[in-house]
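Shared chain: chain A. Partners: chain B in the first complex, chain C in the second.
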Partner chain A sequence: MDCVATGGNVKVLAKAIHSLSRIGEELYLEPLEDGLALRSVNSSRSAFACFLLSPLFFQRYQAPSDQSFRCKMPIKSVQAVFKSLASLDRSVEKCRIQLNSEKNRLTITLHCKHGLLKTHNLSYQECEGLQAVFDKESCANVLQAQPRLMVDTVLHFPPSLEEVNLSVSSDRVWLRNHVEDDADSSRAMMTELCLSSEEFDHFAVGSQTSVTFCLKELRGLLVFAESSGLPVSLYFDEPGSPVILSVTDSVLEANFVLATLSEDSHPKNHVNTKHPDTEQPPDDFMSDDMDSFLIAMETSELPVPSHVPTSPPRPTSNRKHSFSEEEEEEALAEGPPNKKFCSLFFGSVLPTPSQLPNQTMQSQEVLASDSEDENQTETS
Partner chain B sequence: MPLSTQSQADADQYILIASLDNARNLSNILKAISLRDHAIFNATQNGLKVTVEDSKCLQANAFIQAEIFQEYIIKEDAVGFQVNLTVLLDCLTIFGGSTVPGVCTALRMCYNGYGYPLTLFLEEGGVVTVCKINTQEPEEPIDFDFCSTNVTNKVILQSESLKEAFSELDMTSEVLQITMSPSHPYFRLSTFGNSGNAHYDYPKDSDMMELFHCTSEASTCKYKMSLLKPSTKALALSCKVSVRTDSRGFLSLQYLVRNDDGQICFVEYYCCPDEEVEEE
Partner chain C sequence: MKFRAKIIDVGCLNHFTRVVNTVSRLTKACVLRLTCDHLYFVLSGRVASGGVSMWCELSQGNFFDEFQLEGVSADANEIFLEVAPENLSRALKTAQNAKSVKIKLTKKSCPCLTLAAELPSLSSVSRVVTHDIPVDVIPRRLWHDFREPQMPDFDVSIYLPPLKTMKSVVDRMKNLSNYLVLEANLNGEMNLKIDTDLVSVTTHFKELGNPPWGDDGSQSSSPAHRDPDLMAEARVEIRKLQQFLTGQQVNPSRAMCNIVDRRILHLIFLHEDVSLQYFIPAVV
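Right, the complex of A and B next:
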């Protein structure tokens, strides 16, 4: 593998990596035919981000001859290469990423001003691919806004806020902080922002919906979007389906996929279910699907792209390979999910059974409990 | 100025008097060598030399020539004492760091001789503070025996480029390896940390390279990162740095520092190579 990024793109690359560091601890690198994929996922598998840098992003792009090279490394090591972010465009002329497979090292060379050459040989681990299954096209609701709008909106929420709720109607968008039902409502601060559809570059709402997701991971994308000046698109469906934030231009595509709070049993979105979310019905976890899913994780060959479990199964694009998880222990160690936050589905290789749409999603997931209380679910 | 109203009788007792209109011209340089608590002062007709040592492997020296001082009186050939550098720096900056232009602390440093404390008169905005710091028997600084004849390789760089490299050094690396060679990579700083290794190469024709003098042999030596990292302070103040290694692998770093008034002072660091490397 040999890629060379020059000029301003070095800074974009560095910013992408910094963005990914807001999601997870490890950077997954996969050079593909259609570009270099940089991905990260958080520990509870409820947030996933992927930057795909097309070959045109680079001055030179050469994917490795054996197509299935994938590796991961601690993201901090890569961030250390691009430490002085502010001065990067002033000092770095060229950045070269090469793979040295004999020594298991990824070499990142920065050609700087005054002839200074910085060479970093980073050790990596080969790993299985990491890809969340999602389909932007099938989402009923699409919003697009300038990054400034989103940054200004998010500014109103305290940095410590974990979850935010996004509700849409035919002409408005509300953003509220999500407060647990059992929290003392007299002491909780409620913040609500209402935006008219006119503030958005694109506003397509299929049906009134309300989704709740983690704000923290979103901020990483907003920082990137703001610096690149590219509009941010939001794709979402009903609660339980992930919300996808996307920033695209001619040479790169960034997707941040965040899991949303699922509703209890009803497939309908905005019905306010008051009954607490108890433990998931046992069959979700002990079903054959789960077992098959686990089996699928152990294999390295991923023969069949999965179906997207939301609506009628759709043909998948070339990026929706099923995910197989290399950290099997992590998945196996999880108890029955009693947490409402679905972790992202990294689909199984087997066809989905006939189940309610919401439950379908949950059955295939590696679920991890959130830091929050686990007893209740409430969609606001 | 209040400082000049000192009675003549007092002034006669002092064997060393050094005055500065701007105490920062002394405190900044001393901060660049503040690796340890204790500093050895050695004053001669030429000026002040302050030495700090660390674990017998590293020595930092600051030279402030007599010309830098507005007043410099020394009544003996050499005056030596040892003081707590941290305390001295605290006193020199006792008025806090004033960033208002034109406002600075004036200093008059006086020493009566053996057994007497070091007396500092500091004034800012009409307020005078007197500090007396206990002195100790000065230790003999280690003589690293670094002489020009043994120098194998020498490089003079503009500090600008080295500053960035030093600030980015992988601190998980135990050593900093310095390679100087007549051929590629010419001048290289290497670290070996948890995530992998990193190399910073400066070619000999770089415009940051003011002097590149390497003998026929390449030299590669490792030095403990923990010893060299504090030199970053001196690097930050300097505009040029000379890096020299000798036949034993000892390292000499010399920094050219311009003070607030544009006058030149020198700071130098001597470091022993990390022993584990020597297998031969």
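Right, the complex of A and C next:
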């Protein structure tokens, strides 16, 4: 394998790697005929990201002759190669990635100004491929916006916020922080941002939907999109199906796939959800009923009134949802108690005709493969 | 009980945000008292807050274009809410370029202060961001805990040195000791002292000036009877003084402190439309 990226694309490559580092700890690398695939997944398998850099992205692109080379390595080691974006800009003229299969090293050479060469030899582990099953084209809802819009939206939520809920109607989009249904939740500050569909470059909503996913893992993509200036597309379906964020240009395609909460009731939030299809009520200042609240308080001895939870506590098993029924749900549901997102489905069924050709189907990833690859069947 | 208010002017919004930010740096929880003319952020001196107390008073007319209040009852036309100022700060933070900000008291699953900001957008329809900040309504029978603090019978009152200078001195002293003595006299002289086993450091300030308290200064012994060179002192935890000085986002038009010898350090910061008082108890 031998790829060379030059000029500004070195920085794009670096940014892609930094984005992936927000997802998982390992970088999966697979040179394909279609281009170099860089992927990452988080430990609970609820977030997956893939950057596909087409051969045109590179000045020179040569995939390995045996076509089935796949490896992974700690992402921190790769990040160290591309540590300072500013210095990459200033001094690196080209970046060469070569596979040294005799020594089992991936060699990344940075050709810098003044004839300086920085060579990094990274050890890797050969592994099974990593590919989440998803199909953007079949999603009922598609939004596309300039990255600035997405970044400005996310700004209203604290950096530590884990989960966010996205709801759409025929002409509005709401983003709310998602709060868990426990004793503390009613004391949490709730934030909601409402956008008009007009702010989006593309707005196709099949039906009113509401999905909840992890915001933190998404921020990596937003940073990449903002620096690249490329519009971000959002594909999603009903709760439980993953939400896919995608940034594309002629030489690059990035997909971030995030699992969503499977819910059987509306997410708990403070906002009146009765309004979606009509215009936002200009002012609902008069709809408070503090008086009745206060009267109740004065007659009792309790300094703080107790509140009634709006929905009964749900059993945790409802929150686990797998794409295919035949999978062992129990295995997925036995995750640590605070992981509520379903694991993304990672293969084990034959591809449907709607699968894009470059999504190679792999069986479930084996962490430490001690057998040869030829026993695994592949369909493409 | 109803409360609704609206800010339209960007300058007022920024100023209000700075006040809230200052309060949020001083305490994690405080009481917001709303009356027809004023807003107060109150922290009453309790063991939990280390004995410091705070009284921050804003004249609502200087900030809000609309302000409507219906208090607990006709003869007690006020509302007392316990709130985490940090939440308010966070809500205001991203609304700094809003066309308008509305604040109202609402009831969601618990009583909330709802802040709704109308933001500029790329389309004809504004973006609206709404924050629901949970609050606790304080019943009338507890209101006496949050009364305006009496001006103490101070021994010395003096203007403070420039905030920046004082802060940098206190910051450095904090590295050397946990306690600091602030002493001042009616001759406009102030010293900040620390004294440990290893080192003593004193910073002297001169010609600071003493505020002219008149007959309404609630002084039993008039300043004239006091030897102008005699220092009144208060030994306080540096951390508390530093916290107060660090929190200030705007230079006050007037900054002074009153010292009750060995009892209390009373700091008063006055801006055009906001006054902030902070009481730090002296330790032995």
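Following the convention adopted for this analysis, the second predicted complex is superposed on the first by the 268 of 380 C-alpha atoms of A that agree within 3 Å, B and C clash if a C-alpha of one lies under 4 Å from a C-alpha of the other, contacts with A are read in each partner's own complex, and residues count from 1 in each chain.
To be clear about the criterion, contacts are C-beta pairs under 8 Å (C-beta built on N, C-alpha and C of every residue); 3 or more make two chains touch, one makes a residue touch a chain.
Everything quoted here is computed from the prediction, not taken from an experiment.
*Asks:* Taking the superposition as given, does A:189 touch the first partner, chain B, the second, chain C, both, or neither?
*Replies:* second
*Asks:* In the overlaid three-chain picture, which partner chain does A:149 touch, first (chain B) or second (chain C), both, or neither?
*Replies:* A:149 sits against chain C, while chain B stays out of touch.
*Asks:* Please tell me which partner, chain B or chain C, touches more residues of chain A.
*Replies:* C
*Asks:* May I ask you to decide whether A:117 touches chain B, chain C, both, or neither, giving the answer as first, second, both or neither?
*Replies:* It touches chain B, and chain C stays clear.
*Asks:* Counting only touches as set out at the top, which of chain B and chain C does A:56 meet: first, second, both, neither?
*Replies:* Neither chain B nor chain C is touched by A:56.
*Asks:* Applying the document's definition of touch, where does A:80 land relative to chain B and chain C: first, second, both, or neither?
*Replies:* Only chain B; A:80 stays clear of chain C.
*Asks:* I'd like to know which partner A:105 touches here: chain B for first, chain C for second, both or neither.
*Replies:* In the superposition, A:105 contacts chain B only.
*Asks:* Across the complex, what residues on chain A touch chain C?
*Replies:* Residues 149, 155-156, 158, 186-196, 198-199, 270-271, 280, 285, 288-291, 293-294, 297-298, 303-304, 307, 309-310 of chain A touch chain C in their complex.
*Asks:* Touching residues of chain C toward chain A in the complex: what are they?
*Replies:* Going through chain C, the ones touching chain A are 1-2, 4, 72, 87, 90-91, 94, 102, 104-112, 121-125, 127-134, 136-137, 139-140, 142.
*Asks:* Taking the touch rule as given, give the residues of chain A at its contact with chain B in the complex, in rising order.
*Replies:* These residues of chain A touch chain B: 73-74, 76-77, 80-81, 83-84, 87, 91, 105, 114-123.
*Asks:* Quick check on the complex: what are the chain B residues that touch chain A?
*Replies:* Touch residues, chain B against chain A: 161, 164-165, 167-168, 170, 185, 194-203, 205-208.
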